[in-house]
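Note that the chains take the letters A, B, C and D in the order they are written out, and that residue 1 is the start of every chain.
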Amino acid sequence: MLLRELREQVLEANLELVRSGLVLHTFGNASGISRKDGLVAIKPSGVPYEKLTAPQIVISDLKGKVVDGNLRPSSDLATHLELYKHFPNIGGVAHTHSEFATAWAQAERPIPCFGTTHADYFHGPIPVTERLKASEIAGDYEQETGAAICRTFARFDPDAIPAVLVAGHAPFCWGPSAAGAAHNAMILEYVARMAYHTLSINAESRPLARELHDKHFLRKHGHNAYYGQVKT
Amino acid sequence: MLLRELREQVLEANLELVRSGLVLHTFGNASGISRKDGLVAIKPSGVPYEKLTAPQIVISDLKGKVVDGNLRPSSDLATHLELYKHFPNIGGVAHTHSEFATAWAQAERPIPCFGTTHADYFHGPIPVTERLKASEIAGDYEQETGAAICRTFARFDPDAIPAVLVAGHAPFCWGPSAAGAAHNAMILEYVARMAYHTLSINAESRPLARELHDKHFLRKHGHNAYYGQVKT
Amino acid sequence: MLLRELREQVLEANLELVRSGLVLHTFGNASGISRKDGLVAIKPSGVPYEKLTAPQIVISDLKGKVVDGNLRPSSDLATHLELYKHFPNIGGVAHTHSEFATAWAQAERPIPCFGTTHADYFHGPIPVTERLKASEIAGDYEQETGAAICRTFARFDPDAIPAVLVAGHAPFCWGPSAAGAAHNAMILEYVARMAYHTLSINAESRPLARELHDKHFLRKHGHNAYYGQVKT
Amino acid sequence: MLLRELREQVLEANLELVRSGLVLHTFGNASGISRKDGLVAIKPSGVPYEKLTAPQIVISDLKGKVVDGNLRPSSDLATHLELYKHFPNIGGVAHTHSEFATAWAQAERPIPCFGTTHADYFHGPIPVTERLKASEIAGDYEQETGAAICRTFARFDPDAIPAVLVAGHAPFCWGPSAAGAAHNAMILEYVARMAYHTLSINAESRPLARELHDKHFLRKHGHNAYYGQVKT
């Protein structure tokens, strides 16, 4: 993939986060990776979205060294890199402080799967990381955040649950591309919002039955998927 | 009714769901039936609303066989057909994952009638289906969803309560036409939202008295209706 | 006041309700009175707001007899008339099913005065009517609704608390004009929303101290008001 | 700073409050100070935002004497002045009745720091003032409101926590300029909203660990800040 194309995709994913109402001020960032080159494109740090242009998107290698671009990358770059290194199938990462997903992260509660909207996208509850230790916060904080996410996914398949809640912070989502990650961030926020209401209506609400959860996830994502138009 | 006209009506009802803020991404679909021909027009599966055109609306017979159109119908078609077969007076069906109605469906709680807004449209609480059995999920899932709705309405009049909450899924609404079904979906969401707030303010809130519920429903829907302008 | 001018004012107040997001579909109506003539102008029944024009506004006398206009008046006319007859200083009435004020009405709980926003407009909690008796519902229902409001205000000054919650129904507001009534409906909804959140944060929240409530109401409404620009 | 420039900045900050959805009707005001001249520019009282122009911004000295402008200043001027006198580093003040921050003020509960969004801007919980005494309400009420804020900050650093909740009233925020104060008002509302949801999800939610709170505040505000682009 050409760097220019990657930058355009990452710019577009960042703007999609804004259009979806997921970011406040400059809180949030999306990135994409060219696996062939081992290069990651990410939003620059603290630049207002309304002024963001493709050439401002920063290109970094997987060690965090900026190889192209005049601005500093998002301070969350090291978290994104950790995910790219440990989740080999993902092509994009999106981070927001969206209202309800962030509230679940602050409450340190996984989002249960209460319905088929959730099941269509996430094959299980959205997990929460452990809190970072003081030594991790004092160390390479952003990388440690990524490491905490990866430890959480020791028990889960990141391709089947493309989202996590970082305790006391906010969600990170991923997907096959920057656009896919941003799309998952939008669905996650909606799912987080409805799960919140569900528990308010009935504190004893039961998660979806396993069979129905499988049915919905697999009718969109499995080998026998029949949702949408046939890809030919 | 000409197929072209039916398609236009169904397109318009689908777009009305979007304009009313009831659908997220591609979650939702509206259909209409020509009773004379036994033909149903429904949204194609997974097509973004902003690109939807009337010729893309799929025409199916009541057995689910596509008789006109180049795209696959919504994966929920079998649910719609079940409703058309068992509720003989309805002319349209609308399905959304609207935020609050879906939360009630996920909480598996019927929406009580707390006020006249509800009573103007629904002559009783909005019922919730039973959960599907594993064998039903493994079988013809979408048809079984419709069958579960019909079983729920063994005890209710679908013309007086034109909406249901499918447990762990979301609402289905119906009406005299696709437009009427979409309109009921909008009212249902508002009623669901206000019922939620009502219980949050006072967990002991009492349903509307039967007399007042009847009064409001019948002043709009009964033989002596006096709301709106006289139809001549 | 010329009827034409009154109609324009009432049209504008009805449209202001829509612009403020207080009405769903056709739920809501505003009216105004010309005290000199004893004539009331009100929205016609069931007409969509986007098509409403000044000549469609219906003119009624205080007994509910339409004296000018081709359409049927809002079915709530009799409620408005009852308020005009018993609250001699008011010049306009606005009725909405706005989301949070209606939830309080459905929960049958008065809205406590938790803050200065409330105190600036309403000199006490917003009261709730008693439920109507079956015989009142079976009788002249809309007039009985007005009578129930007036009975509630046997203990309150309608000029100091220009709003009420009709149990199981929704709010009615009033003011010096149709525009003033619509403005109070907007403030009421905001106050209802914040009171809801206040109780969610702290179920033991205390109402504003009497002195502060008086201070805020009187700095805007009393003889020594000093808020806003001096009227000369 | 020229008065004209100060007026423009204060006008813009007031309009930013409106664009951010923080003000209802005329509830809210922003001001800015020229420290060199000891002059404060503030919104006039009760003027609708949509008609506000820079020449209407009122210029007052630190004793509250209007030295330039034809309109009366906001009735909250005395509160703003008290803050300028006691918090020597601030250049602007913003007051709103924004929905969730006001609800916390009405509930008389400090907003706990549940996440990094909060920590990025406020180095501790957002405190609530004591209620004013009857004698203070009867006295110079607006000045006493400012004095109550200053007493609350006897225990806090106003530069590290640029916001307060006035009990039973609403938030006041400040910052290096009128624009900075308005920006803090927007962040405060978002933080208030998420803290509300956090407690609804988990009433036992724990505040952020001190180390993480420090980390986030200091990476944006400390001498070793590394968020955003390097200022050169």
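One rule holds for everything that comes next: a residue touches a chain if its C-beta (ideal position, glycine included) is under 8 Å from a C-beta of that chain, and two chains touch if they have at least 3 such contacts.
Just so we're clear, the structure is a prediction, and the values are computed from it rather than from any experiment.
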item	value
Superposition rotation for chain B onto chain C, Cα-based, multiple of 5°	90
Chain whose average C-alpha position is farthest from chain C's own	A
Inter-chain centre distance, chain A versus chain D - centres from mean C-alpha coordinates, in Å	33
Centre-of-Cα separation between chain D and chain B, whole angstrom	47
Residues of chain C whose C-beta touches two or more other chains	199-200
Each pair of chains that touches, named by its two labels	A-B, A-D, B-C, C-D
Of chain B, residues touching chain C in the complex	114-117, 183, 186-187, 190, 193-195, 197-202, 205-206, 208-209, 211-212, 215, 219, 226-230
Interface residues, chain B side, partner chain A - complex	24-25, 27, 44-47, 71-72, 75, 97, 99-100, 102-109, 131-132, 134, 137-138, 141, 168-170, 196, 199-200
